[in-house]
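Presented sequentially are two complexes of chain A, the first with chain B as partner and the second with chain C.
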Partner chain A sequence: MNMHTFIDFIMGEMVIVSFVIFIAGTCGRLLWTFIHINKTENFIFSYLSFKYSLRSILAWLTPFLPVSSRKKPFFYSISYTFHILLFIVPIFLLSHITLFEEYLNWSWISINDTSADILTIIVILCTLFFVTRRVVVKEVKYITRTSDFVFIIIASLPFITGFLAYHQLFAYKIIMIAHVISGEIMLILIPFTRFFHMFIAPIIRAYTGSEFGNVRGAKDW
Partner chain B sequence: MKRYLLIIIIIFGISSIVLSNQQSVIDRSVFKNPQRSSALFNHDDHNEKAELEDCAICHHVYEDKKLVEGESSEDDSCSSCHTLKRTEKNIISIRTAFHKRCKRCHFKVSKGPVLCGECHIK
Partner chain C sequence: MQETSTKDSETDTKVIDEGVEKGLKGLTPEKIELVINQVLKNETGARLKLYIDTCMRCSLCADACSFFLSNDRAPEFSPAGKVKQTLHEMIRLKGKVSKDTLRNIVRIAHTECNVCKRCSMYCPFGIDIAYMILLVRRICHKLEITPLYIQDTVNSHAATMNQMWVKEDEWIDTLQWQEEDAREEFENLRIPLDKDGADIMYSVIAPEPKFQAGLIYQSAVIHHAADINWTMPSFPGWDNSNMAMFTGDYEISGRIAKAHYEAATKLHVKKIVMGECGHAFRSVFDVGNRWMGWAMPPVDVIHAIEFYHYLLTSGRIKIKDKFKETVTLHDPCNISRGRGLHDKARELVDMLCESFIEMTPNKEHNYCCGAGGGAINCGPPWKINRMVNNREKADQIKRTGAKVLIAPCHNCHSGLEDILHYYDQDMEVKFFGDLIFNAMDKTIYKGGE
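This part shows the complex of A and B:
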């Protein structure tokens, strides 16, 4: 396989494979989760409420509404920024949209490259903060395992390589290939690792929100 | 006399560099707010290297979304059909037309630039 065939594969078929694994894996794990809940804790369905589920999800989606986030404003402002940019930057990046348009003839609004560059630096700084925090803060260090660092690195690699590729620093071709592959690895890993908290979080909020709202008559944020 | 000759040689040298540089990028004046540098491209050098004889490979003519065989469009600019945004009539935007035209061919023959930064040099 020559270099062109390899690049064509990772930027073509492999993107489709990654999305299929991501979507099928997500659906499969969600299905498995519901089957498991139904088997072991199906009493939850007796008080599960759409209204209180939605109330809890929206409350926890609103920055600095939950009490715990207001108690640690510095940490949460970094965490909110990181999590929002993790989606905003790749989805609205002009280069990504350009590629989408080439392959599928779809396009949508984009952020300009200079803004995307600054936002990418912010994401990288956020991940540096998370790593430092796990090393420096005593109570966080106590519960930190190697995998915590591994997942921060996996999430930051597409941004670090993307930044280097945009500025064409070091070996451009290799960095660009690393960028594409690291993005695909990230996407593939979501359903099978703790990255799945992006889908599990609203389910937990639905459960907790329903219990607090429907049973205890209290707020859960 | 020698000094004049030297000055003439220097002026000729600089102007030839400037002129050759002008020819070796794509004209991107159609883009309102371009985010990347102009793509590297020297028409004559490229076609000589790629051994392209048929102008209509790039300068094609489409009518009702069908390729018109045996006709070419060298005298028109790409953007006269491929508008900035996709429309009913033109389903491929100028940006996508440029990218596809270069990359599809390069992938097919396993030669030439295919990654963003290989054409849009910083």
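This part shows the complex of A and C:
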């Protein structure tokens, strides 16, 4: 396989494969999770309340409503920013949209390149903050494992390589390949690693929110 | 006293607990491995897996825990840090845990966490750390290394269905003695035993007849003056407390709650009114029913706060003189975070007292008294540690500057008295019952007036 066909492959079939693995894996794991709950602790379903699940999820999505977030405004600001940009930047990046347009004829609004560049830098700074915190804050350091760093690095690589590729700082081709591959790796890993927290978060919140709200008549934020 | 002049400021990790030591002696590595894996495999399910797989190890839960705050933010006391040292260790080593590690695990699970669930409100996912710590206690129970004093209360529950080895005749005698005394104030007062079809069954924890019979006197007067159709069971099932729930002895815990519900159904009462206790309320309202397969309790259950609130707002009890001194209120975890009764409690304070100062944080966010979750029941060997681990609570109370501290829970009551004494704070701890008894108009309510 020469360089060209390899690039075609990772930017063509591999993108599709990654999305398929991501979507199928996510559906599979979610399905398995519900089957597992049903098999081992199906009482959970009898406590789930739609109203209190929603109440808890919405409360925790509202910036600075939870007392926890008011106690750590700096951390939560960074975490919120990081999590929002994680979706915004790749989805609304012009060069990503162009690709979709080329292959699938889909397109949607984009952010301009300068803003995207700044937002990318912000994401990278956020991940730097997460790493630093794991080294510096003693209660975080105490429970940190090596995999936590790997996890943050995997999440930041698409952004770091994307930034380098955009500025064509060095070895453009290699960086570009690294960028595409790191993005695909992250997508593929989501269903099989702790990245899956994005899908489990609302489930645990719903249960905790229902127990607190529906059974115990208390708030959980 | 000696202990007040030289205060310990660090948790002693070398405390010897005879019950734990005796249990450890009898264990072999094979037995340890077998028991841990049995519990992990057969008694856990999706919940544990989701909690463990999802925890991002961000330590946002740390600031919730008064143990962490009281120990100068030592990471070993953070909620996730405690799970790391206990449950994670068992999982990581696949059950091959040494006896020294187990000794450490018992100390953490039983004396360094009140299973108060405050941390669940600070974790962005809402992960239930208390559930995981209780799971560790379950394993300790099956390994027979539960701390001596709390195990003794469980043994008492198992043998007598009450926490304090109160014999059946002793129980009845105590009630009759209180009735007799109270009849000097009200000639027709009764403590009706086993009255079939009464509106309510009133239940207390065993330490009341054992050490604080005066509280039964007070409630008899309150019931009598409010003209309530009430009863108390003369037979086992009268005690609403449940220490087995905190040692992971779920079989005994289930039996205790069952005996309690059965007492109510045998007497055909409309509802159970529970005295001012928090852990007992958790057992009857939230835990025992689940063990028996009921989503919610099979009998209506209300806590004394709700009952008193009804008595005062319905005019069945009239307040003559409001309490003058400045009071503050401690929200017991199991009835604020556990039942959302904090607003009613404040309304009660308002009806009973002239001057009230809020404690902060409060309501659902209040800190545990430090005695809860069975911590105080681990007994004298652990007392100084409990005091050290409660520094934050002592500071929180001190900041109010109040003279009187209302604590509508027995555990909190004893725990708070210990802290106030240890940290030289001149404050009196009271139940709502005490305040109502002193402030009420002691005439008998006549309906329709």
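Please note the rule applied: the second predicted complex is superposed on the first by the 221 of 221 C-alpha atoms of A that agree within 3 Å, B and C clash if a C-alpha of one lies under 4 Å from a C-alpha of the other, contacts with A are read in each partner's own complex, and residues count from 1 in each chain.
Criterion: contacts are C-beta pairs under 8 Å (C-beta built on N, C-alpha and C of every residue); 3 or more make two chains touch, one makes a residue touch a chain.
Since this is a predicted model, take the numbers as computed values, not measurements.
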Output check: A:Lys141 vs chain B and chain C. Expected answer is one of first, second, both, neither. What do you get? second
Is A:Ile203 contacted by the first partner chain B, the second partner chain C, both or neither? second
Where does A:Asp8 make contact in the superposed view: on chain B (first), on chain C (second), on both, or on neither? first
Taking the superposition on A as described, I'd like to know which of chain B and chain C A:Arg29 touches: first, second, both or neither. neither
Chain touching more of chain A, residue-wise (chain B, chain C): C
Mind working out whether A:Ser46 is in touch with chain B, chain C, both or neither, as first, second, both or neither? second
Which of chain B and chain C A:Arg194 touches, first, second, both or neither: second
For A:His96, decide between first (touching chain B), second (touching chain C), both and neither. neither
What is the contact status of A:His83 with respect to chain B (first) and chain C (second): first, second, both, or neither? neither
Give me the intersection of chain A's contacts with chain B and its contacts with chain C, in residue numbers. none
Can you tell me which positions in chain A touch chain C when the two form their complex? 33, 36-37, 39-41, 43-44, 46-47, 56, 60, 66-68, 71-72, 75, 137-145, 148, 194, 196-197, 200-201, 203-205, 207-209, 212, 215-221
Enumerate the contact residues on chain B facing chain A in the complex. 33, 35-36, 86, 91-93, 95-96, 99-100, 103, 106-107, 110-111, 114-118, 121-122
Residue numbers on chain C that touch chain A, as the complex places them: 44-47, 49-51, 53-54, 56-60, 62-64, 68, 73, 75-76, 78, 80-81, 84, 120-128, 286, 290, 295-296, 336-341, 361, 364-365
Of chain A, residues touching chain B in the complex: 2-5, 7-8, 94-95, 98, 101-102, 105, 107, 112-113, 165-168, 172-173, 176
